[in-house]
Amino acid sequence: MNLWFTENQTDNLRLSFRVKNLVEFRKSKFQTLAVYDTVEYGRLFTLDDFVMLTEKDEFVYHEMISHIALSCHPKPENILVIGGGDGGTIREIERHSRVKNITLVEIDREVVEISKKHLPFVACGFDDERVSVIIDDGIEYIKNHKNKFDIIFIDSTDPVAFAEGLFHTDFYKFVFDALKKDGIMVAQTEYPFLKGDFIKEVFSSLKQVFPIVSPYLAFIPTYPTGMWSFAFASKKYHYINDLNPEFTKDFAEKLKYYTPEVHKAAFALPKFVKDLIE
Amino acid sequence: MNLWFTENQTDNLRLSFRVKNLVEFRKSKFQTLAVYDTVEYGRLFTLDDFVMLTEKDEFVYHEMISHIALSCHPKPENILVIGGGDGGTIREIERHSRVKNITLVEIDREVVEISKKHLPFVACGFDDERVSVIIDDGIEYIKNHKNKFDIIFIDSTDPVAFAEGLFHTDFYKFVFDALKKDGIMVAQTEYPFLKGDFIKEVFSSLKQVFPIVSPYLAFIPTYPTGMWSFAFASKKYHYINDLNPEFTKDFAEKLKYYTPEVHKAAFALPKFVKDLIE
Amino acid sequence: MNLWFTENQTDNLRLSFRVKNLVEFRKSKFQTLAVYDTVEYGRLFTLDDFVMLTEKDEFVYHEMISHIALSCHPKPENILVIGGGDGGTIREIERHSRVKNITLVEIDREVVEISKKHLPFVACGFDDERVSVIIDDGIEYIKNHKNKFDIIFIDSTDPVAFAEGLFHTDFYKFVFDALKKDGIMVAQTEYPFLKGDFIKEVFSSLKQVFPIVSPYLAFIPTYPTGMWSFAFASKKYHYINDLNPEFTKDFAEKLKYYTPEVHKAAFALPKFVKDLIE
Amino acid sequence: MNLWFTENQTDNLRLSFRVKNLVEFRKSKFQTLAVYDTVEYGRLFTLDDFVMLTEKDEFVYHEMISHIALSCHPKPENILVIGGGDGGTIREIERHSRVKNITLVEIDREVVEISKKHLPFVACGFDDERVSVIIDDGIEYIKNHKNKFDIIFIDSTDPVAFAEGLFHTDFYKFVFDALKKDGIMVAQTEYPFLKGDFIKEVFSSLKQVFPIVSPYLAFIPTYPTGMWSFAFASKKYHYINDLNPEFTKDFAEKLKYYTPEVHKAAFALPKFVKDLIE
């Protein structure tokens, strides 16, 4: 079938997926949501025509946003996820038995709904009894919680529209305050090959707020350029020195991307990325 | 201008670049060659409508195909490059003053010509007096040289048509014989996310021939999936244990991707890649 | 939604429709069938990725394939349609109360099924009690019927694969024999702007078989070039001289394209088309 | 070469041409201009990424905008063309030896320049000594000339930006005044299949100004829907009754679309078009 979903990755770059089936399309108060079956990457979930995840490569994003911080924090009991309404991130967090409570704050109820309906491979994350789902604006939520979480994950869409506020110094200060005194924040921070200035700014902001800050990288084929960055921002624990391979040992065989070696390697930045943030 | 070059990365996946200018298009005896100016990635060079390199991200491929082996071999005097007719790989090799001779064997004379005409940022590699360019079939060339080279780089196109033979056990045996007793071979080996079976086979073949074999990875945005693999195959030197950071120290500031840390990290394979080759 | 169905109209020309919904996709013994909802043209039906009809412009094809011959034949009692399994052509034929029997011979049962399921605006043609549907190869069917029909409509797909035989002299001879002594054949005959040689050949073949032959034209936006040709081939009645406007008078107000003036105008060929067939 | 120029015909419909060569791209004060060589339609000229003409089908537009009025007016001595800076329309007008002066008023000097440089098949129109080219805003020009022209051709781009004023009642009144007492105006008026409301409005405006008004149609494959409309608006001469086939007889063999029969047929409107303007 000559049917294609195209992501305009930038004004001048497009990635097109051959589509076998349009599973659902809907508009929420915040955005358009669509689920497709693609030939190359299996099920594909988009928001406002941007790729959120595909069945075939979502494991990279979800393992790498979660296990890095969870492998460095010795006692990650209370976890907050801002965004992440598809469930993939909490699916990975739940693998850690040390985690006692996971609060997921998603602004758009329909992201959770469509995921539960059509994306069972990520939505399986909602089944765990440690999880509380709150439909709310993450920024408002953060403002109203102080000294509460061990790790906060910012699993957001791109920095446009309602997600834009998630990438500013002010917001990072609220996150800092919402974390306990040895807390860690991890956030997705876009793609260095084409968004160097943005990344420079984000890390400059983070460094004003947190004492320990570093980007780290992962290969994500269906995101622009295939090289995705995350921010590790921490009050106390170091991303390499405090890495404890024991923390992922029980379920190491179930993972498809993360290993303790990959953890360390993810912080070995290509020179142009290093230069960006120094 | 609504003018687009599209690479059919697979039958079901397309990457499209907005084009500002078509610089040249020609047909050689072997393939079609085209040079475009794109908005996002600058100058783009294609063979048979497949992306060979772009001005903006070629540094990754060329630094990572070359400096890994050159950082492990203590005395890399005689170097052979099969393919690589654009000049980018030899540009990087030339940074190493320990290298005395570089022989480049390119099957298609017009690749060299078009690069010299339109791709000065890679074709600058041809200016060095240590370089000899031979227009010939790399397979034939290899067969006729024994015990001669310290490092052989297989900088080929995708494993189709005339390049297909570059990925078989028989060819690897010729390479083995063409290397000196402590020689190293590096080859580009496609993208693990979508070509897992191919990579499995290639590394299985390599292991039958070489005692030390490992894939390593680099982020290349304009190649399919953005995650590219290379094979390191060596008779004696190990890709990590024999890494000597001194070998790239003199020109470290000129590089944009490679660092000794990136070198090590490139061998930390995501679990699914590791599983592929074990 | 950035989802597009693309018809490769030729190797070098593509028409793309933004799709709102994929209604159904299936493979039959003969071809792939798909039904989409498009933004610009409403429901779209394709066979092997070629546009068969759209909700918004199908009226042109179906009115123009049928009413021309039916307006020239004084007593069109027995009608045969080869192909046309979507029902659109018989829907138009049924408007003529002079018609007593309509036999539709469609090779692919699933065309009829999918039309009944998803294309009610054309499939309404199946409801009339004068209609008999036969699932069979039209060429075989024609061979086995002599001197039987007043008008035969060849409502086929493009001249490739199993439809190819519908455009040869031998087939036209069978059609001639299947017609009564004053019978008329009408066939779709592709697009003169880009298929001049094909049309030349088809009309040369037809003229060897029928005494009265002419192409006529209609504007069909979703077919290649927008200019579609039909063949009028007749044993006795002339396409202009025997036109009787009374024959469409009762339902003239229900039509959207055909009028007796349009009928005449359709035979006024642009000079390059006239030159093609002379 | 997998290089494509795409016209976004509407927000939901795209036509793509495989490109062999980008001949020239430039920006003028008014618009972007580009010339391509396409595989299917030869040389292609675009303004702001909209198709203006192609080598292979421009004859339809240029013959049909010009010969209709020129075949109805008995003494077309002074001709004005608004727009038409590529030269194709004046090339056709010049075939009529009864014409004494042709004034072409084009707003963008660079349209004339690029046509002379790259589109010799239409730019040949500038060589005739009866032609005066004026670089000016057509609306201003018309306002300042009264009772002067026998025929005025509005050979404009689509009704957006600076061309928008060419489709309003006020403008038509200026045209009326600029014409002699038996003058005729012809204008291109877009595509009825998708711009019905626009056409309804244009013809309603024209009827308020001119006593004799009718649309007529031509097949133009590279314009949206392939069915293009023109307005014939006249003070005295009728588009059918005053048609004199003698007026095109001398060069009839040189034309590829227009014939006196095609002239008449062009006014036989499909019922939905007729309904639009009644």
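For clarity, chains are labelled A, B, C and D in written order, and residue numbers in each chain start from 1.
Basically, contacts are C-beta pairs under 8 Å (C-beta built on N, C-alpha and C of every residue); 3 or more make two chains touch, one makes a residue touch a chain.
By chain, UniProt protein names: A, B, C, D = Polyamine aminopropyltransferase.
Since the model is a prediction, treat every value here as computed from it, not as a measurement.
The pair B-D is the one among C-D, B-D or A-B whose contacts match those of A-C for more than half of the residue pairs.
Put simply, the C-alpha centre of chain B and that of chain C have 55 angstrom between them. In this assembly, the C-alpha centroid of chain C lies 33 Å from the C-alpha centroid of chain D.
Residues of chain C in contact with two or more other chains: 4, 6. The touch graph of these protein chains is a ring, one cycle where each chain has exactly two neighbours. Of all possible chain pairings, those that touch are A-B, A-C, B-D, C-D. Residues 4, 6, 10-18, 38-40, 56-57, 59-60, 193-194, 217, 219-221, 224-227, 255-259, 261-262, 264-266, 268-272, 274 of chain A are the ones that touch chain B when the two sit in their complex. In the complex of the two chains, the chain D residues touching chain B come out as 1-8, 19-22, 25, 32, 34, 36, 49.
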